[in-house]
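Note that the chains are named A, B, C and D in the order they appear, and that numbering of residues resets to 1 at the start of each chain.
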C-alpha cells in the first residue's frame, strides 16, 4: 500500500490535536495512556477543570515533586492540584460522570465502529483486560473523543464497520482523533474532517474499514 | 455503637472466618488498608470473596493470592490485557483457579452505595450492549435501554482513613476517600486503620466524611510505604 | 366503661418508658411530637447517638441558647450538639436510615394494626397530612417503637385489627408504648407486656380493638 | 464552567421562564435560599412546579403562592392534618387550585440524587403497601416487595450555601447541607445564594461539599432572618 512508511503523528501530536477540541472552562476526564498526555497541551488560561474518576476535580498536570500516594489520578500517577480543587468519594465521582456533568471524556481506543461503538478494554486473542471507569465515561460524558492509532501495529484498521472486540459502549463516540486523521461520528456514519500532513483522504480511507464521507471543508490538521 | 479501638491490625480482625465476603477500600496507592491486608494474610483466612476496585494494580491486595486465600474477586481492575507484569491474581485467573466478576468502576461504587443505602437495585446505562449486560435485566425507559444492577454488601469492610476520632468518625485526606467512604456503609463489620486517632470532638462536624455510626473497629497504623512504579 | 376516668400516663411518662428501651450506644431517630420528648430521658452516660433525618448524627437535647436556624432537628427545633456530631446531606441521611444503620426509630402513631402496620401521617376525615421522613424510618429502622395515646380523644381504640387510616408502612412496628400499656408486635400478633399503674389487663384489652395475648411475665410498668 | 457572580438575586434569576420546574433547597429554617425565593416572587414567574422538602412549614417558599405562581409542588411536607395554621399552599390545595405530589422525604432525596447521577430508577421498600405505591411498579426481589422510583430533575435549582468560592465550590454549615447539596446536582441551571464568596483556593479541598462543576451562578446575600416559632 502506497501509504505505508509515510510519517504518522506522534502520540504527543495526537494529544495536542485533541487538546484543541477542549472549550475553555469545560470539565474534562482524560483516560489512561495517550489521553493523559492531553493535559500537557491545555493552556492554563483555558481554565479546563480536569476530573479524575478516583474522586478529584481540578487537578493540574503531573507532579515532579515528592510522590504522595494519596494524590494520584485514575492511572495512579502523581499529580498537582490547581486552586479550587476538590475531592469526593467514588460513588460521588461516578454520579458526576454518569449524570452528564463531564463535558468531554478522552479515552484510548482499540476499535471504533461506523456507528460510534467503542471497544477499548479487552483484546480477546490475548485474554483478559479490565474495564475500570471506561464504560461509565462512555455513557456519561457529554462528548466522547477517542484518541488512538489509526491502525494496529500490523496495519489492520481500527475504525471498522463493526467492532470485533468486546464493546465498552454502544454508539458513544463523537470524535476520533488518530495519528492519521480526525473523524467525526454522526447519525449517518463517519465523516473525515482532517488528515495528517502529507496524507491524502484516499490514503486514510485505504486504512479505514468503515465508509468515510469527506467533509466539505476537509483539510490538513493544523498542529 | 461507639467504635472499639484495637492495639494491632491482627487483633482488629478477630472473628473473620473462612468464606467471608470482604470489601477492601483504596484506589491503587491511595489509602489502601495495607496493614489490615497484611494482617489478613498472616491470619490465613481462606476462601475469601474480595470486593475492591483494583487487585494487583499497584495494591498489595494481590499478596493474599500468594497463599491462595482468595476464591473470587469482584473488581473493576483485575486482569491486564498484557501478561508482561502479571499479578498473582491474574496468573491464577488465567489458570482458572479463581473466579472474577468484572464490574465497571462506577457500577461497582453505586452497587456498594446501594448495599449501604437500602436500595434494592438501580438502573444505569453503563454496560448496555456490552458483556457486562449478560444475564442482567434490560429495562426500556424513555427511549433508552438501562441495566438493572443489584446492591453489593459484605461481611467485613477493611478501609483506611487519615484521622478517626474515638467515637468512630472518619476523615480522609485528598484522594484517599475513594471506595473507603462507600464501603464503610455496606458491610456488617467495618474495620478501619487510621493514620491518627484523635479525641471525640476534634474533627470538625462539617468535615467528617464517614459518620461514626458506620464504624465498628479502629486500629492506628502508619501507612505502608507505596512506591510509584513510574508508569 | 369502668376504665374511663382512670389516670393515664402523661406524655412525659410515656417518653420516659420509651427511653428505657434504648440500649446504651445505640443510634436512635426520634420523630416529631411525643417521640421528641424521649431525648430528655436518655442519660448522657448511655452514649445514645441521636440521628435527625435532616442530616445530623450526634445531637444533644434542645438548645436553650440563641436560635441558630442552621442547627435544628427534623421538627425544626433548635438543638445542641454533642462532641463527635457530624452533618451530611439529605440523600446521605436517608441512605443511613433506609440502609439499616439506625437501631431504633421512635415515631408517633395514629393507628397500629395487629400485624404491626402503622398509620401516622393522615387523618382522612380532616384531609391532608404530610409524610415527611416517616415512611423511610418505618422501613429502615432496625426496631420501630410507636409512642402514642392508647385511644383517640373520644375513646376509640388506636390499636386495631386493621388500620383504617392511610398506612405509613406495612408490618413495620415492633413495640407500641402508650399511656396505658406496652404492647409487643410478633409474628403471631400482639402481646400485652406491661400495663400502666392501676390498670388491669382486661381494662386495657377493652380499649384495644386487636386481640392481645397476655405475656407470661405481664407486669405493671416501672417508671 | 467557572461560575458567574451576580450582583443581586434578581439578576441571578435571569432567563427563568413561566412553567419552569424549580428545585428549592433548605430544610425548614436551615439554609433556605430565601433571597432567591423573594426575587422569584418579585419576578412574577408563573406556572411553576416547585420541588422542595417543605412548602409552608416554616419556610418562605409558601409566599410564592400569594400571587399564585405555583401550579404544582413535589414535596414531603406540604399539607398539615390540621388547618389551624393553614399555609397559602394548603389553602389553595384544599380548594383544588394547586397540584401536589407528596413524596416520602428519603425517596425525594434519592430521586433527586438519581436525577443528578444518571440513574434511571431505583428500588426502595419505602412506601410499599401505602398510597405512595399507587401507579408505581412493584418488583419482587429476595422475598421482599420494592417500589421502582424514578429520577427527578429540574430546569433550575435555587440553593443556599454558607461559603462559595469564585470557581463555584460550595461549603455548607451545620444542618444547612440538607437538600441543597443534592439539588445542586440535578438541575440544568444551579443558582446559589451564599453568605460569603471567597477567592478560589480558600476552601479546603477536603471540605468542599459541592464541587464547582455543579454551580452556574452565585450571588452574595445575607441570610433572611428566620424566627423559630416555638413549636
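Quick notes on this structure:
We take it that contacts are C-beta pairs under 8 Å (C-beta built on N, C-alpha and C of every residue); 3 or more make two chains touch, one makes a residue touch a chain.
Here the structure is a predicted model, which means the values were calculated and not measured.
More inter-chain C-beta contacts link the pair C-D than the other of B-C and C-D.
Distance from chain D peaks, on a Cα-centroid basis, for A.
Centroids built from CA atoms put chain D at 37 Å from chain A. One inter-chain figure worth recording: chain A and chain B are separated by 29 Å, centre to centre, where each centre is the mean of the chain's CA atoms. Shared contact sites, meaning residues of chain A that touch two or more other chains, fall at 87-88, 94-95, 97-98, 139-140.
The set of chain B residues touching two or more other chains comprises 110, 113, 117-119, 124-125, 172-174, 205-206, 209. Under the stated contact rule, the graph of chain-to-chain touches falls outside the line, ring, star and complete shapes.
Pairs of chains in mutual contact: A-B, A-D, B-C, B-D, C-D.
Considering their complex, residues 27-31, 53, 57-58, 75-83, 90, 93-94, 102-110, 112-113, 124-132, 162, 172-182, 209, 223, 226-228, 231 of chain B touch chain A. Of all residues in chain B, those touching chain C in their complex are 1-2, 113, 115-119, 165-167, 169, 185-186, 200-201, 203, 205-206, 208, 211-214. On the chain A side of its complex with chain B, the touching residues are 52-56, 67-72, 75-78, 87-91, 93-95, 97-98, 117, 121-123, 126-136, 138-140, 166-170.
Contacts from chain C toward chain B in the complex involve residues 25-27, 47, 49, 51, 57-58, 81, 83-88, 94-102, 139-140.
Interface residues of chain D facing chain B in the complex, by the touch rule stated above, are 110, 114, 117-125, 139, 141-142, 144, 146, 171-174, 204-207, 209.
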